[in-house]
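Structures are listed in the sections that come next.
Each of the next two complexes has chain A plus one more chain, namely chain B in the first and chain C in the second.
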Partner chain A sequence: MKISIFRLVLLCLTSLIPVALLAILIFLTHYSWSAILFNGVHFLLGKTWSLGNLYANPVMVHGLSVPVGANYGILVFIMGTLVSSLIALLLAVPVSLGVAIFLAEGVPPGSRPVLSLIVELLAGVPSVVYGLWGFAVLIPFVAHHLAPDLAHLLGFIPFFAGPVGSGYGLLSSSLVLALMVVPVITATVSEALQGISREAKEAAYALGAMRFEVVWKAMLPMIRTSLIGAIILGLGRALGETMAVLMLSGGALNYLPNNIYSPISTMASFIASQLDSALGDPTGMAVRSLAEIALVLFLIAVIVNVIARLLTGGFGRAVHN
Partner chain B sequence: MQSIISLPVRLQRLNPRRLVSLMGWILCGIAFLLVAIPLLDILYVIIKDGLAAFSVDLFTQVTNGISGGLLNAITGTLVLTAGALIIGTPIGVAAGVYLSEFGHGGFSKIVRFLGDVLTGVPSIVLGYFSYVTMVVTLGWQFSVLAGTITLAMMIVPYIARFTELSLLQVRHELREAGYALGTSEIRVVARIVFPIAWPGVLTGILLSMAISVGETAPLIYTAGWSNYLWNGHLIREPIGYLTYVIWSFINQPFESAHALAFAAAFLVIVAVLLINTGARLLLKRPRNF
Partner chain C sequence: MKKYLSKLGSKPIACLCAAAVTLLGVAGPMMGAQAADKVNLLETGSTLLYPLFNLWVPDYTRAHPDVRITTQGTGSGTGIAQAIAGIAQIGASDAYMSDGQMKQSPDILNIPLAISAQTVNYNIPGLNKTHLKLDGPVLAGIYSGHIQYWNDAAIRKLNPGIKLPHQMIIPIHRTDGSGDTFIFSQYLAFSTPSWNNSVGYGTSISWPAVRGGIGAIGNPGMVQASQQNPYSIAYIGVSFHAEIAKAGLGTARLENRAGRFLLPNPRTVGAAAAELVAKTPADERISLIFAPGEESYPIINYEYAIVNQRQANTRVATAVREFLLWAVDHRYGNAPKYLNQVNFIPLPARISELSIKQIKSIH
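Our next item is the complex of A and B:
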């Protein structure tokens, strides 16, 4: 069959989606190439991020011009990203499961739209507004109540022992991240729960199971794969979150978190906060190293999302709730 | 009275299974409250402090250092959002139409999958990509065009997926009837499929609009910030936007800056919630087909 011009135009515009992804990969790699050469593996394993002496004459290292003493290691930000995301997931997964079960099976169908609207609205709140709320409400609450109480109650576990700090840090960031991840997981899980056939549920009831037992022992195991996919999808969201973390993390530089109240930086928040100072580097190596962080974050996000989408069976479920 | 009398009877029937079940439901309810209370508190705090900071000046004055109004940011957000939709809507809708009408092959499967992946790319990565390519290499500097293209990259996969899903809901017989009459592909889509499927397409566009209004990270390195009204230049001219005010002004140690941040947050959240609610209502509208 002859392909019409109409179809050809649509095809060209459609290909922009894969082209965009490819362009991000190519241009970030290209731009950060000299940084990749200069930093080597040390980039991922080093704990020190230092722009070096920006006022002295740059030195040549392996044919690359860099400021004296420049050292770009992002282990602190990788750890900050991973630890804050994992704590957020630990908090968000049980809550999301509870909310999804509550909405899918626990409330009368008539009130379901109103209640699920609350979760949908939570997904719509912009990241920077979460940050503002965190600044105004959560930080004081964590600093004066939650952190001291936690340190008092769980202080025997090293990770929870004081000093409790200012409220800015890992705990506050993880709490807000959890709040932002809950709608993502809840949407996917309740979609999967609602997709379970009536017969399967009736079979469980026929065995004498109570309503909650049906959900917990029969329905949840059926959606295992979707559940894992949903959690990884949530992980992807938490890893890349920028503004709220930037406003609440305390912006740690050059040290790893030693307890749950420590200030942290994530890769995303660090990129967002550092361009101004990186631009002060006349050799451009700092800006290129930031591009390398963006590249690393891009690759992690792509891998995480590919796994999540393979498990949940597509995007339709995640968005079209 | 009935319930009080039957209470002891009910308690007697609380065997371990019942107890576990009851506990389960209670925990699920608590989980819901753990989510609902922060949301209500966010709305309460932003509305209370936002309204307290309201004045006519917000809408008539531009930002002046850490005080003044928000006119530049309000118009900037409108310009950036409109720009993102102008660029993103044709591409997204075209991709959605292609995937739903002609997307049976392996290429479409890959595009669908990569569209999913693109929505998962952190927005700051998109922002830095645009910084590297448009702002630096192409020399556009902080500009409206760099900001809108970055936002468009974010929203295209959403619009494409919403378009595809709503077009797929149109019965196939209707298309076949059109083709049987010798109608061209473009007319079948425009005259038969779209008149039925438009609410879903519009929902995708509205949700994308809400995303554009609320985004910050992809704009910091592309749109920059400006205290002045936009002068109509697409490149080499930074532009202000509301979310920047929230992020940047709350870090200033001045009352006037905090007031502006809350006022900006109020405007953003009202806009986002109104657009979101409108989009959901549109989707739940009863259909004839």
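Our next item is the complex of A and C:
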């Protein structure tokens, strides 16, 4: 009897998580429903975002009251989010792998906890601290050194050609995102590497593998699932990062980035920066359209996770267990 | 005791819980004790008004120990929304509420507390000590991308004899919702019909795509971005006068409705306010931008307290009323010792009367 109460409590607690997830989805859909009706597919494909004239009398469009000239297109923010997160991952994954391998294989076991702790501490730094650092240190550095040098070295690739801009934009945002993602990926991967049994490693050595080959050909394939999981975890952090990106992105509006130095806006940071003005819309359509952005961001996060599960065969394994 | 501590040490979770309970135990009574016999007011909204409230509140509450006022800088839109929702007793806003908002919330008052102004600043190495002349159409051209270089014919025409560089202009705008964006875009809209028809005005507007243009957060972000980027231009609240000077930025002389180019100072800001005193309606919702008059600086605005006429109870209503009456009084809140610190201008006498009349209707 005691056991069954215990089980019941656990069941309730566990079901809280999917229920909360579902509740968010239902709330966002319900709240943004009038915006979904008003915006249609244009929402995802439009490059223009305008709250319209909030001081004129609202007009009726398809039976919905909206401000004059309101136009909500978020392609710019979707692109800003995806491109900055992808560049951040491209930068962060090799670094994280290197650090994780070093932590797992390169340091004496005695000092490993100290180094791991430092990596985990990095993961716990609030994002606004990274943002402030990026604002004060990284932006001038990118504007005066990194961007001109990159344009000089890689200028033959259109994406890297100038104009190099002001430091605010895709490059700075991606660099700070990469910095925030590295500890997340490193911590997970190094833990997985340390979990590999000694026998497995020794088997690889017994076959005459060099140390590098043991890591590269035996250990990394063994933790493939954890590795992809770690990358998705990092991607999740990058997609949703708000404050640091807001401070560095340059707040692009109504145009797509044409090179890596161009200002951008991401979905999360745009919601944060626009909410205050959206509250001034007496029809409420602006806030509901922001909620629709949140819904799209939510769906992107879910899709990314599902793809990751499929890649790692996670669904099949869960069933077998 | 030692045993107890070592026991705690072995259980980090228990240790954390104990710390949390201790914190709650200390913080709880601290908050509770003051809530018991004091009236709590929450002020939230405009980050431009926030420094002024922070000068006012300590002095006011020292003289009125029965009132506790919490101040928050959250943005004008939030200030209005939370005053309407009844979360904040005083919402601070750089912009007055629209007709549409008033229709939905007819009990809300828009009460001017002071007058603020805005400067247009630029960072052109070698020219930052020169006050360039700029007008609305030229600024609209820069912010819509039609005017790309500092030596564009339109800018040269306004500034004969000044050698302007052939450099790309970097227009900087506010990314966050802002009363500064509101009054700047109103200046462009009222002076330039094409801007009015395409972009219009608001606390966040749909900035035309200008390659090289950047968005910055808050007035400090605007100062920093223009300091870091030579050949940039920005619009900055006059409260940041000291920061602008420290950053070595140039300040433009702006064309007013009468066609004269002026810098903001108490005389020109006061002149613009005086022009619109007679036109200010009883509910005081009016734009002061692009005022008529020879000596009127074109970008000034009322800073508003957004207050619900009907407060939760008479105690709260009395506290709000008394604080706001103190704030608009020229002997107290509107005295130079407060307003000079943030470069605001006190309310003209007739506007004070209108504000007082509105404040007295709070119940």
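Keep this in mind: the second predicted complex is superposed on the first by the 287 of 321 C-alpha atoms of A that agree within 3 Å, B and C clash if a C-alpha of one lies under 4 Å from a C-alpha of the other, contacts with A are read in each partner's own complex, and residues count from 1 in each chain.
Criterion: contacts are C-beta pairs under 8 Å (C-beta built on N, C-alpha and C of every residue); 3 or more make two chains touch, one makes a residue touch a chain.
Note that the structure is a prediction, hence the values are computed from the model and not measured.
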| item | value |
| --- | --- |
| Partner chain in contact with A:I139 - chain B first, chain C second, else both or neither | second |
| Contacts of A:T283 with chain B and chain C, given as first, second, both or neither | second |
| Touched partner set for A:L275, first chain B, second chain C, both or neither | both |
| Which superposed partner A:L97 touches (first chain B, second chain C, both, neither) | first |
| Chain B versus chain C as contact partner of A:I24, first or second or both or neither | first |
| Which of chain B and chain C A:T14 touches, first, second, both or neither | first |
| First, second, both or neither for A:G162, with chain B first and chain C second | neither |
| Contacts of A:G195 with chain B and chain C, given as first, second, both or neither | neither |
| Greater chain A contact set [chain C / chain B] | B |
| Partner chain in contact with A:L54 - chain B first, chain C second, else both or neither | second |
| Touching both chain B and chain C, residues of chain A | 135, 246-247, 275 |
| Residue ranges of chain C in contact with chain A within the complex | 74-78, 80-81, 95, 97-101, 103-104, 168, 170, 173, 175-177, 200-209, 211-217, 221, 224-225, 228-229, 232 |
| Complex contacts: residues of chain A adjacent to chain C | 48-55, 57-58, 67, 69, 71, 135, 139-140, 143, 163, 165-169, 246-247, 249-255, 258, 262-263, 265, 273-280, 282-283 |
| Partner chain B, residues of chain A touching it in the complex | 4, 6-7, 9-11, 13-18, 20-21, 23-24, 27-28, 31, 94-99, 101-103, 106, 113, 115, 117-122, 124-133, 135-137, 179, 182, 186, 210-213, 215-216, 233, 236-237, 239-243, 246-247, 268, 271-272, 275, 290-291, 294, 297-298, 301-302, 304-306, 308-309, 314-316, 318-320 |
| Chain A partner contacts - residues on chain B that touch it in the complex | 17-18, 20-22, 24-25, 27-32, 34-36, 38-39, 41-42, 45-46, 49, 90-91, 94-95, 97-99, 101-102, 108, 110-129, 131-133, 137, 153, 156-158, 160-162, 165, 184-186, 189, 210, 213-217, 220-221, 243, 246-247, 250-251, 261-262, 265, 268-269, 272-273, 276-277, 280, 284 |
